[in-house]
Structure formats: structure tokens, C-alpha cells
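The first chain written gets the first letter, and so on, giving A, B, C, D, E, F, G and H; residue counts start at 1 in each chain.
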Amino acid sequence: MSKAVLTGTHYMTGDVACAEGALAAGCRFFGGYPITPATEVAEHMSERLPEVGGIFIQMEDEIAAVGSVLGASWGGVKSMTATSGPGFSLMMENIGLGVVTETPCVIVNVQRGGPSTGLPTQCAQGDMMQAKWGSHGDYEIIALAPCSPQEIFYLTITAFNLSETYRLPVLIMTDEIVGHMSEKVTIPDAKEIVTLNRVAPKGRKDQFKPFKPGPKGVAPMPAAGDGYKVHVTGLTHDEKGYPVMTVDTQHEMMNRLTGKIQNNLDDILMDERFMLDDADFVIVSYGVSSRTGYAAVEELRSMGIKAGMFRLITVWPFPGSAIRELAERVKGFITVEINLGQIHHEVERHAAGKAPAVLVGHTGGTIIPPEDVILAVQKMIKEGV
Amino acid sequence: MDYWRVPLDAAEIEVTKGIVHILDERCKGCGYCIEYCPKKILKFSSAFNKKGYHPPILTGTSDCVNCHYCEIICPEFAIYSVEA
Amino acid sequence: MAEKRKSPVPQSVQQSTKQPEIKQDKKPDHPLDDLIRTDRIPHIWCPGCGIGTVFSSCLSAIKVSCPDLNKVSMVSGIGCSGRAAGYIKLDSFHTTHGRAIPFATGLKLAKPDMSVIVFSGDGDLFAIGGNHFIHAARRNMDLTVICVNNLNYGMTGGQAAATTPHMAKSTTSVLGNPEDPFNLPLLAYGAGATYVARWTILHTRDLTESISEAIGRKGFSFIEVLAPCPINYGRRNKEKSLDSLKMYQEKGIIKNGADPATVDLDFEKGIILGTFVNREKPTFYEKYMKINGIE
Amino acid sequence: MKQEIVITGFGGQGIVLAGRVLGNAAAIGDNRESTLIQSYGPESRGGACSAQVIISDTMIHYPYIRSSDVLVAMSQSGYEKYIPQLKADGMLLYDQDLVKPLAGVQGKYAVPATRLAEELGRKMMANIIMIGFITSVTQVVTLEAARNTVAESVPKGTEKMNLEAFGKGYDFGLSRLKGLEKKASGKTGAI
Amino acid sequence: MSKAVLTGTHYMTGDVACAEGALAAGCRFFGGYPITPATEVAEHMSERLPEVGGIFIQMEDEIAAVGSVLGASWGGVKSMTATSGPGFSLMMENIGLGVVTETPCVIVNVQRGGPSTGLPTQCAQGDMMQAKWGSHGDYEIIALAPCSPQEIFYLTITAFNLSETYRLPVLIMTDEIVGHMSEKVTIPDAKEIVTLNRVAPKGRKDQFKPFKPGPKGVAPMPAAGDGYKVHVTGLTHDEKGYPVMTVDTQHEMMNRLTGKIQNNLDDILMDERFMLDDADFVIVSYGVSSRTGYAAVEELRSMGIKAGMFRLITVWPFPGSAIRELAERVKGFITVEINLGQIHHEVERHAAGKAPAVLVGHTGGTIIPPEDVILAVQKMIKEGV
Amino acid sequence: MAEKRKSPVPQSVQQSTKQPEIKQDKKPDHPLDDLIRTDRIPHIWCPGCGIGTVFSSCLSAIKVSCPDLNKVSMVSGIGCSGRAAGYIKLDSFHTTHGRAIPFATGLKLAKPDMSVIVFSGDGDLFAIGGNHFIHAARRNMDLTVICVNNLNYGMTGGQAAATTPHMAKSTTSVLGNPEDPFNLPLLAYGAGATYVARWTILHTRDLTESISEAIGRKGFSFIEVLAPCPINYGRRNKEKSLDSLKMYQEKGIIKNGADPATVDLDFEKGIILGTFVNREKPTFYEKYMKINGIE
Amino acid sequence: MKQEIVITGFGGQGIVLAGRVLGNAAAIGDNRESTLIQSYGPESRGGACSAQVIISDTMIHYPYIRSSDVLVAMSQSGYEKYIPQLKADGMLLYDQDLVKPLAGVQGKYAVPATRLAEELGRKMMANIIMIGFITSVTQVVTLEAARNTVAESVPKGTEKMNLEAFGKGYDFGLSRLKGLEKKASGKTGAI
Amino acid sequence: MDYWRVPLDAAEIEVTKGIVHILDERCKGCGYCIEYCPKKILKFSSAFNKKGYHPPILTGTSDCVNCHYCEIICPEFAIYSVEA
């Protein structure tokens, strides 16, 4: 048994499962900074990484943590950090650098109650829009939302795979409940785990362009020391990586950066559909709130109401077309999330008036009870949609 | 163990007599006052306070000299002395 | 769903010790109660945690050195130590992790005649907040900065900090800390601090005097206070809170004026304490006013 | 079948560990489903703290307990907070030196866990004693699973000590049950 | 003539006009950090503040800059900082602190091309969503978008007034073009300028609650030293300001923070409507892009097409109800902004399918030519809306 | 709209001086051209800007001390100096403002046998980036950090920096800088740096040797290089670039091993130059590997 | 009436200041509307740099110039970049030592601004000479407005020197115009 | 002014003769090479390069000693010397 893959069934928290997922995915560098409720990811990595010859370093703050992760990634090592709201806010500038320099890495946000210091030990899902919009300028990002320790294990592997495939920071947007919840986690044999790696460049080293899209719109990526003598900058740059501050270069670069995501939605978008085929009312949810959603769907079905669940696993890019399709045939959307309406806005926008969209939200500190969802559906029915 | 700076404070210590006040419910039983009282006149009570700690009580063996050390070392604002 | 019981009337548990007789006829206020938000006591600090003692010492110093309590305020960052701002009955600000000093800088410049005390932890002031510290020191910003150095991040459960001794155990260095800690007085001095001192919670009277002195003077004053975190640091390094105090007692060597370069914390050989630096220099505000011809 | 157990007390009492042992025993030892939710405040010591353990034979969606089968109380404030959501036929287990339940509460099982732990020389082991007590009184997990999990969950070198504590709690539970049986048989046969 | 109010007509850049607006509004503290294209705001403040007895300090970074601004504000002084994208990203955590502690201040973002270091000397409007969502957790914020030096002068005063009235950081989201553009700026007499100040508390000092809503849902605010002995924290807190980490307190606090904005939209929302009464096609824009919009409207009208302009002056909170009303009667919305669709999403969401909404966007580095807008309208017409 | 002309064929202006005869029959490559991205030359640095000289010196040092150029990389932050990474023909990273060191830290730990050179400006490394600097020094991270100290923020147009002399003029201190600058070698030493040196661009050979030495050794090495920014700092402080060089020449005093506490920059009395600190200590990586029993 | 003027050159030549003087003169001196847009690269010196000045009697919306009435070129690269958008009947003003326009370009006015400035002992004043030249040749701003604005815009103590430079450029413009008039009259009356 | 470290480098300087190469288009005319050439054999050319700077040319008065100082002080990679 590989030391990196703890094959077997364990009872572990989401945070620990996340760390184990990272190790199984091949992560060998963690640059962190403690923060409740993400600290256990770092703590577990600090114990486990040395066992597999990897490096754990606790940096001086979250800005440095993500900075070190980007550096290590260019050193050819799969890298990761984990934080919560306040640290996530601090990471924003360097996340932008990661996006623009097309640097694979995984950033975990175990969400807690915000804004500001807020409710450090209690749950929320208030950073979902920040995940997409928190760094200045336009960009596409990938964000995944696991709903259990078992899923966080797998999604962390997926996150690494996506980050390596599409060369960008991939966010795992989990929450305090999932992070601190213990459940059974089954870890398969190492050989059953699919891990993808960035494509290595081929051909003449002196002619290689580290930002020239290859298959899937993504450029192969060498590591520092491979002899490609790359230049990497956060300035607007051409395919060679050279800063060229022109409108045209900016346009091309932005198209590359957004295109590689938008043109591969089939590969990137993941969701789970539960009782959706004949559903009149679609509960849209993700992360811990989807567990409320499942409970509500079962209850509603038992009441004879055709409810179904559309659980976002990939939250960003947002699966707009799925919502648009559903909007054509369903009677309403109910977005369940522990915030004042974030992903709800996307649902509303894509539903585009074809079906009403309501929010079952919460200001945070606790999860949403299924009753709230049931009431919302009943209200929708009563209001005659 | 003896109070670590007895020589320095000794002079003052002898000057006055004090009364020590203990706010039981604030105490968390760290024992600092007990350990560092130069006169060793404090000990843990056997009873619990609401939070389940044993606050100090007087041993009754000797007199408080109102040196305030228990007061200033206490992290809980749970003990202080006044002039008798 | 099963029927639920009604909440019972809270009924307090009868376990408190009897009040010692001598106390009966006296008012039950602690002499510092007027400076404490007593409605928030007991505070969150653990049994044996040294923060409370540093805080108490700070309040005593304020009491002696600040005749007008409306002209004193406290700014903290985030951490166990950072909670101090929540217990002092003065204008008090509990900011973001590491950012107490910039906040205090703005506050001080807006209220130049106010004594602004920054009270925070080693992680807050020197890990995430290190840059603000060195710059405020460089500018000789007129602040009193008190750092509770408990050798780790207490609040988040005992991770290694920039002050954790080499080889010490923490939740992020279970086999021993590979890093070396800062020599905080040297860093402060190297950055330009005009007053630098170090004490332990056991040296309470010296500490209180030092804080008074710092509040009373003009310029950037830094006081490092060694304090146990028995729950997180102590537990992992086999050091009970009384052990820490004993160590402070046995290893503490007071050397006022010692060269900051020589005061690395060495818990084996000796912990050098004292006022290491105390030099006069105009503050940022004084220079700003002078250069710009204001007043 | 689904059992919902709330364990509550102060930070520092090992409440979450107790919950984890139960959940782990159920999930790994007894091969059932189990979800543990922990909640705690900013304090490292002395703050309110609770663990919610759901044990079930089917998948667990909603992870919070709104109505518990078992309440284990190791602090008065925790007891007061969670007693309203204990089912009418639920069981209350509590540390008798730290919690004074309302006179009228039914199905209550007292154990001097902290005192017993102090007797064993380690106040910290009150939670392990409580796990033993829970195991025998509630049977939400099997004895074997609970014992094994305790052994795996405690720091190396302390297994024996902890198993002893566990046994003490377990036995205490058995004898309590016997006592109750006697009492019950003297009454009407219902606990 | 007051030294703070440079009454008269000047030819100045937007950045300088912004600084003059701040001075006229009573700003007496600036904590800054240089960054193109916002540096001139700081530079001008550094020269002018000493003239009016105010303090300019250049902090060590943007985190410190906004930190000092919050501190100075609690010292009772109107305070401000200015930055651009990268610095704005760094400010996010402390902006959240400002929101939660209800600290009045003004933060200027002179937007440049992003993401990351991007195009430092060129324009964009890519941080608009970040303004609303960039800090972790949910919150309401006020963001204003001026379209000329003259307007930035006035809006800076308005920004201070709003920040003092509603006790929160107010953002001025301008852009490189407006910031660096020189135009005529007329500054009125000091006495004609309305400046509002935070409401001072009354009554017993020991019973004052610094977070208990007064009129307009906003609590009066004392300064440090006024004798109220306030406690201010970024943790979830009650009306007294004490940290209380419960679901209920969180709920109340969030309601206070969002309510004071959402219940005062009439006062906060500002827009300019140009040829809108009979418009079939509504150009929605703000900042420099609205100048493209105006040019396009004039051109379209000259072509016989009924175009009109809805210019957002207040961008956040977003004037959703205005869009919803317009959607009932117009044939389409065309959002013009130098990004890949940010405010456009809000327009789309509120239009809710009642009228089509298209984006005329740009990846940045330049402003959008009116032709693009005209083409978009023509396309809408052709596609038979 | 008015008719527009077609773009004329670019027609280069015939103003260049004739090539001096001696050059005609030689290849026109500069000896460092193999280390330069010549397709990006001329660089953006202004006439007389000292950054180019520091950069050139760094390349020379790399040439002598790095036999395998695939095992060297450069990381820069943002600023005029930070543009260096864009001109070196090695793996090179132009990161965010102030964050070169954390990036370099990750890179170095991922590639322990690579020499990682951080090349950046005083503002980048010590204003916004100060915290990363002191922590990397504390950890003895095996990096060579070269700071072009031009006494101001060049790139943004000449604002005061944490290195700007007291009373110097800048766009944010038109009447004179109210702040005092850091003594960078002292700060570096105080934070734990194991190699600390200071040179000027005029002392090019010493500088090159110093950089070679730093690259060759293990541990955190810091080299401050004084360099003119004639356009922004010089212009406002009446100092042409040749004046700066003359000042370096006249006031420069080489004192290897000088106590860092004594090397404050004083452009009147004398600029102390040299290698001030050179001590051996295990690096973070070495300690990490050892403690964790790796290899 | 609306005039659109592009001034282009290298960073360090004072291009933006020249634009600002024109715009300011128009806006404040001549009390018209005027918008100045500056664009420049990351370089402090030597990079491409331009100023776009729109002067109008009515409100100016779109601030970019897509088709200019006047192009003032102080660098070859700037000339090449902006000449395509000069109107067919537009005027090209250029520094004759730094710019070599295409042979066929009409309406061109050369001035050795940099050389004249060097003669005055201050290469930096080439832009002020150019402003004088623009003022006389194009008359987009009045002489009085331009002169006053120059005096206000330059560092204290240098007013005299700069006004002299301005005058030099202005006069050079006048004489150029005369020359052209002569030439023109010698030809067909059109410039 | 004389080369500031003449005594130190003087020995070497006399050893060889050199040829100096100037890459005109890279030069920005800072004058460092001219000012600090120990042999004072460089001066500004009167002509401009494309960017409008005057690169150095040889005075022709004396010989290059191949000390490389011009090469290492030049911020522009615009001048270097090789052995003759």
C-alpha cells in the first residue's frame, strides 16, 4: 500500500479527508496558515507530507501561503493551500496571479460565518460569489462544492486533476459542517485512483511557448529547470509569456483564459440529479445545504409533491444551460444556500423568468432545516405557479 | 518554593497587614496565587465553583501582608488584597 | 416527530465553595473592575493562561499613568491575546488578524493626544502582522505595543508561530519545529523601535512599570511578555503553567540595557529580561507637523 | 434503524472525542452509517461544546439532530440547552456531579464520570468513562466496536488506562441498569 | 475662501478632482499606497492635506492603508484611501471589517486592466462585481461610478455623505480614463456644499449602544475619546458591540447591516436618464463607458432609433426595481461596460426575460467605441425583438 | 467621418551614428547576450537608471557561479527593478507586488537544487513585502535576495518608500519625508539573515563577487545595492545620475564585517559598504528533512 | 465647433503636459469645453506616449479621438501610429529632427523643437516650443490663453524661460505660415 | 576625474590591450562608460541613435586596456571589450 493512499475505510472529518484526497492526487507541497475551520487540513498535511517526502510549510500569512503554492507549482510539484473567509480574502490578489499565469493548484475554503471575523467556528456558504469575483478583473475559475467527507476526498482528487488539465487554481468551496463532520470515508486502491498531470511540452525548447494553447485550449507546462527558460508574468502577456501591454494582446489572453474553461464545460461541469426527471420543483443546492435539500425532497415526495434535486458539484463555472433547460419545463426553482442569495442570483438569471426562482437562505451559523424548504415549495404552490 | 523576590519586597511586606478577597466564581484554579503568595497563606479549597474549579481559600496559618502579589499575578481578577 | 419536553427552569448547581469569612463585609469589587467590562467576565482565557495576567498588568499601568481614561484606547488583532480589547472598559477595537497596528496608526493620528495601546499575540503581531510592526517602529509611531508571547497560535489550537522555539512541538510540527524563532527585541530594534523591553508574567511589577513607562513616553514602544499557553503550547511540550512560571523564575535574568542582539530566547541557558532600548527620537506626527508647518 | 445522540459539556472535557469514538465505532466497528457534527465556541477551555452523533442503517442526509434519542450531559448549561429536544422516550445520561436534572425528567441515568476519573487519577478520562457508560446503557454501539475504537483513538501508551476507564463506565452502566430493572420490576416494567 | 474648497473653475484630472472633492467633503485623513492609475489621488492629498491641517500617511501596503483609514474614522476624522485592482484585492478583508464595524470611510478604486498586474496604465471596469462580492461573507455596500472629473468631484462629496449617513465604507468605482482625463471642474462656494456628518450619540454614555439602529436604521456613532467606551469588533456582535457568537445575533446583525441599505434605497440610488421616456432600447452603463453610451444614443436617435440611456451613478446597491420597471415596456437592454459582463448580469437577472439583455463588453485597455453599441442595437432590431 | 490616410510604410529615421571602425569585423553580441532575452532589449529602464547595472552584475555572477543554467531561476516582484525577471533568459517569474519571496520559497522547496534569485526593488521587498522578507530570513530559506535600493518607488513615479531618506523630496512628501528609512542590513540581520552585504552600482566588481558568493552559499543571503533613479528620485532631489555615482565614490567606505547596527545610510558622512554578516546555519530545508527523517 | 488634436512622442518629452496646456487654455482661457486623455506605457522614459485633446463648443461625450484634425508628432513611432487617423484635410506638426513624414503627406508643418530647445539650453522645453508652434499654426487656442496657461503650468521661477520658449515656437509657426503662404501663392492658393 | 580604484586595478589594466564594442542602438547615453573609463578613451558621439541618444565613440587618443569597466557599469548591455 502506498503511503500516500490510505486504502481502506475510515471515519474521518471532511478536513482530514480533503488532505488525504490531496495526497492521493499527488499533492506534495502544502503552504498554509492556520484558520478555523480549515486548520485541520494543514495540521493533517503537516503530519502526512513528510511521510511521502513532501513539503509542508507554514507561511507567515495567507498571501504568502498561496504565493508559495504558486511557486511550488512552477517547480513542478502539485501544491495546495487551505483557508477560510478572512484568509480567502487575503488570497485574492495571488489567486488572480495564478489564473493569469495559468498555474495549477488547489485552494480550499472551508467556509465559516462572515463577513469579517464573524462566526469563526460556525458554518456558512457566504463566499460563493467571492470565489468567482473576489479578485480584480474578469476571469473564469473552477470551484467545486463537496457535501460529505467521502465526497471531499474524491473532489480533492478531481480538483487536482482539473487544475492540472486546465492549468488554473481550482477552488474547493466547502464549509465548516462538512469540514468538521466525521463520516465514513472509503479510500480505494492507489491504482484505482485516476490522477492527471499537466501535459509536458514537446519539441524544441527554445521555440516553446508556455502560453500557446494546445489541445483543449491549454498550453503544455514545463517546470522550472526543465530547460524551457520560461518567463511568467502577471502582466498582460503573449503566448510566449512576454509582457505586451496592448489591447490586442489583452484580448487574446483573455480569450485564452476564458475559452479554456467555457469550451470545456462538458468536462468540467459535474452535478448530481436526484428525482429530477419528473420534478416540478427543483431544489438547487450544493455543499452541506444540499443535505438539507435531499431531506426536503424525500419529505416533499412523501407528501406527493414532485420535487427533485439539482446538486451543483461544480459551482463555477455555473451550469447555466442546465438551468435554462430545466426552466423550460419545471414550475419553480428553490435555491438552498447558507447566505443571503449568491448562487440563487445565477439561478434566477438563467431561469430568466421562465420559471420562478426563490431563495431559501440563511445568515449563517447553522444549517437550514428541511422545513424551510418545504414551506417555500408549499408557498410556491399556493401562489399558483 | 519561596517567593522569588523575597529579598526585594521583604521590607515592604512587613509594613502592613492585609485582607485578601477572593471572587470564587471568577477563579479558574490556576494556583498562581497559592504558589506565589510570599506568606503561603492560600490553598485550594476542596469545593468546586460553578465552572468546576477549586478556588483558593486561606490556610489560616499566617497573616496576609497585603503585598498584592496574588492580585497582580491572578489572570482572572479573582483575588485581591486591601489594607486591614 | 417525537414530543419534546419543555425547557426546565435553569437551576444553578450548588457547588461553590463558601465565601471565606474575611470577605463577607467588604465590597466584592476587584480594584480593576472599573476598567473591566465585568459583564463579560469570566473571560475566555483558559485556566493558567498567562494572557489574563498581562492584561491585568496593563490595566494597572493604565490606572497609574492615565489620569483621563477617555484619552486611552486599546486596539487588538485576532487571537486569544487579541480578545483583550473585548474586556477593557475603554474605547477598544478588536480588528482583523495582524492589522491592529495600522488601525492604531490611523486612530492615533486622528487623536494625537490619546494613548493608543496595541495589545495582541505573537502570531498576530509578528506572523501575519510583522510588516506593520516593523513599519510602525520605523516611523516611530507613538504607540505602546504589548505582545503576549505564548510561543504559539493559541486561539487556533496550537500551531507553530514565528516565535515557537526550534524543535518545539506544535500541531503543525509534531516532530519538532524546523524553524527558528525571531528574537523579537532585536527585530524591533532593527526596525527602529525607540523603546524595547521584555518581561514575563511572573515579573508582574516590572512589567506594569514598563507599560507605564511606555505609555508615558513618546514614540514606538514595544514590550514582549512571555506568558504560558498551557493548553496548547504547554500540553504539547510537557510544560504545565506552573512549570512555565518556575522556568521564568529560574531562568529569568534581568539585564537592563542588554544589546538586543544578545537576547535570543534560550530557555535552557537563560531568559534575558529588562528594558533593552530606550532612546529619544521625534515621532512621525511630530515630524509631519514640523515639516508641514502645521500648528 | 436510526439513533440520534447528543453529547454536551464544556470545552476541555473531551466531548468531541467521545462523539467521535461513538460514531467511529458505529461506522467502522459496526459497519453502519454515522455522522458526527461538532459544535464549539471560540474558547479552548470552558466554552459550551457539543457533539451530535447520528447512527443509522441507511444514508444520513440532514446531519443535525432536532430530536434526540439519547442526551449525554456533562455540564448543566449543556443539559439545559439540549434537554428540550430529547424525545419523550429518550434517555438522559449525565455526570451526576456536574448536572442536576429537573426532578420530573424520565429515563435518566446518572454516572459520576468526572469523580470516577479523578479516582483513576485522570480527570481527563471522564469522557472515556462516559463512553463506557453510554455503551452499556444505550447499546447504540456494540461493546466490541466501542472498546476497539477507544483503544485506537487514545494516545499511544494510554490504551490500557483508557480501556480500564471505559470498563469502569461500562460496568457502572450495567449495574445502573440492573438497579433500574429492579426498580422497574418493582414498578410497572417500563423504564 | 476656505483652503479646503478650491472655489472656481479648474482644468483637472479625475484623480485630482476626487482629492479636491474629498477635501471639500471634510476628509482630513488619507492613508494610501501608490498604484497606477490612482497614485495621483494620494499625491494630491499629500500636498493638500497639510494645508488644511489634515494627515497624509503613506502606509506600507494597501491592507495597512485601509486599516489606518478605519482607525482614523473611529478617531472621528473623515478618512479615505485610493487604489486600483491589485490593491483593491488586498483591501478586501479590511473592507469587510469596515462594513461589520459600520465605519464610515471612502475607498476609491481607479480601475485598470486586470486580472492580476494586467494593464497597469490602461482602463477597464473589471472590478465591479468585486466591489460587491470581493470580501468574504454577505454584505451590502454602496458603490458610485462617476463619468467625468466634474462628477467625481461631486460624487466624492456624496460618497462621504453616504458613508457618514449610513456608517459604512463607500466605494468610488472609477476607471483609468476618468481618473487621468482632464476636464473643466467647477467647484462651488464652500457654503453651497452640503456635507453630512455621522450623528453624534445623545443620552447616558454608559447606556449607549453603538450598534443599535437609530433613525434610518443607523446607529449614532461616537468617536474614540468621547467617553462612550465603545467596543468594536469584527466578530458577530450585538447592539452593544459585544461579540455574541450565536445564530440569533448573527441574524440580527446581518439584518441591521443589510436593512440600513435596502430600506433606504430611495436615498441611496442615483441615476441619470437620458432620452429614456420613449426609449425602446435602453443602454445601461456607468463610468467612462456611459460616455460611449451617450454618443451612441445620440447617433441612434439621429438614425431614427429610439434609444435611451440609463446611467447608473449608484452601481451598488443595484437599482433592480428600475430595471424591472423598464423591462415591462422596453424592447431591450444593452449594457455597455469594459469587462466580460458584470453589471450586465444584474441587468439580465432583473430583466428576467421580459426584455432581452445583451452585453457590449470589452476585455479592457481601451474604451468601447459607440459603433459597437449601435451594431448591438441594430442586431437586436434585426433579430426582431 | 473624414477620409483617412493609409498608414505609410514605416521608414526608419537615419540618425544613428556610424559604427566605430574597430567594431566592424567582430560579432556584435554582448558577452551576456546568452543570458538576456535580447528580443526584449532595449529594456524599459530610463537613461542612467542603475537597475541595468545591478542586473548586468547579477548575470555576470550567475555566469561564473552557475555551471548549469537550468538550475538557476529569478523571481521578481513589481516595480522597475522587478522587471528584471522579464529580461533574464532563464526560468523567470514576475509575480505580484511584494510577493516574490513567498513565490521563491515555494519554488525553492519544490526544486531544492535550484539556485533561486530574488531580484526586486526596495519598495517591493521592504514596503509591501517586508513581512515575507523577515520571515524568509528567519527561516534561513536558501534564497539570494538582491534589492535594488533606489530610495523610492520608481515605477509609480517617485513616491516615498521605506528607504527614502528623512527630509528627501518625493511626490508624496513634497516638503520632505517625515519618516526615517530602514537600515536594511540591520533589519535583515535582526530578522535572522545569515549573509548581509551592501554595495553600490559603482562597486560593480565587488557586487558581482558578492552575488556569486551569495549564490554559492547555503542560506538566506541579502544584498542591498544602491542605485540611482535619476528620473524620479534624482530629479526631485537635485541629483543627476552621475552625481549619484560620484557620491557613491566619494562617500563609499568599505567596512567588511561592520556591525549592522552602525551602517545606517548617511549620505553626508559616509555610505558603509561591504559584507556585514556571513554566518553558517542550517537552512529550513535541511532542518525539515532532518527532523522528518527524509532521505 | 470641435477640434481634435493628437500629440504623440516618447515618455519624458512632456507630451502630456503639452496636451494639458492646450486643453487648459481652451477650457479655462477660452472658456470652451475640452477633454484631455493621456495614454502611456509602463516606462517612465522612452515609451510611447500620447495626449488626445478634444476642444469643442458643446459637451464632449466620447473622449477618444478616432479622426484627428491636428497631429503633433514628436517621435517617429508616434507619427506612424497616429498618421492613419489624421483627417485628409488635417494638419501634421512635427519635430523635424525626430520625425520623417512620408513624402506624400499634405498639410505638414515642421519645427525643430528639440533643437531649438537645446539652443535655449533646455532640451526639456521642446514641448513648450511645440505648444507655441501649435498655437500659431493651428489656432486651436488663443494666444493669450496659451501664454497664460504656459505661465501657470510650469514650475515657479521658470515662467520667463518657458514663455520665451513658447514665443520662439509661436514665432517659428508664424514664419512657417508666412513661408507657406508665399509658397502657396506661388502655387495655387491652397496649402 | 580619475577612475576611482585605479591603484587596485592598475596592475591588471596594463596587462592586455582591448577592443571595445559599442552597440549603439542599445545605448541610452548615460555617460557612465565615458566617465569611468580609466583610460578616458570614450566620448559622446554627436549623432543620435534611433531613440535620440548620443552613444559613446572612441576618442582615439589612447588605447583600451580591456579592463571591462565600461562593460560592467553599462546599464544597457551596450558596450563591452574583448582582448585585442
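FYI, a residue touches a chain if its C-beta (ideal position, glycine included) is under 8 Å from a C-beta of that chain, and two chains touch if they have at least 3 such contacts.
Because the structure is a prediction, the values reported are computed rather than measured.
Just count the C-beta contacts per chain pair and the biggest one is A-E.
Distance from chain B peaks, on a Cα-centroid basis, for G. Inter-chain spacing, taken between the CA centroids of chain B and chain C, is 23 Å. One simple way to say how far apart two chains are is to compare their mean CA positions; for chain C and chain F this gives 37 Å. Inter-chain spacing, taken between the CA centroids of chain B and chain H, is 81 Å.
Shared interface positions of chain H, i.e. residues touching 2 or more other chains, are given as 28, 48, 50-52. Annotation for chain G: residues touching 2 or more other chains are 41-42, 46, 66, 76, 97-98. The set of chain A residues that touch two or more partner chains comprises 50, 60-61, 63, 86, 93, 97, 116-117, 120-122, 233-235, 245, 366. Listed in rising order, the residues of chain F touching chain G in the complex are 1-15, 42, 44, 46-47, 80, 154-155, 157, 231-232.
By the touch criterion stated above, chain D contacts chain A in their complex at residues 19-20, 23-24, 27-28, 33-42, 60-64, 66.
Residues 12, 41-47, 66-67, 76, 80, 83-90, 97-102, 104-105 of chain G touch chain F in their complex. Interface residues of chain C, counted against chain F in their complex, comprise 127-131, 134-135, 138-140, 162, 166-167, 173, 175-176, 178-183, 186-187, 189-192, 260-261, 281, 284, 287-288, 290-293.
Chain C makes touch with chain A in their complex at residues 78, 94, 96-98, 127-128, 130, 153, 155-157, 159-160, 162, 171-175.
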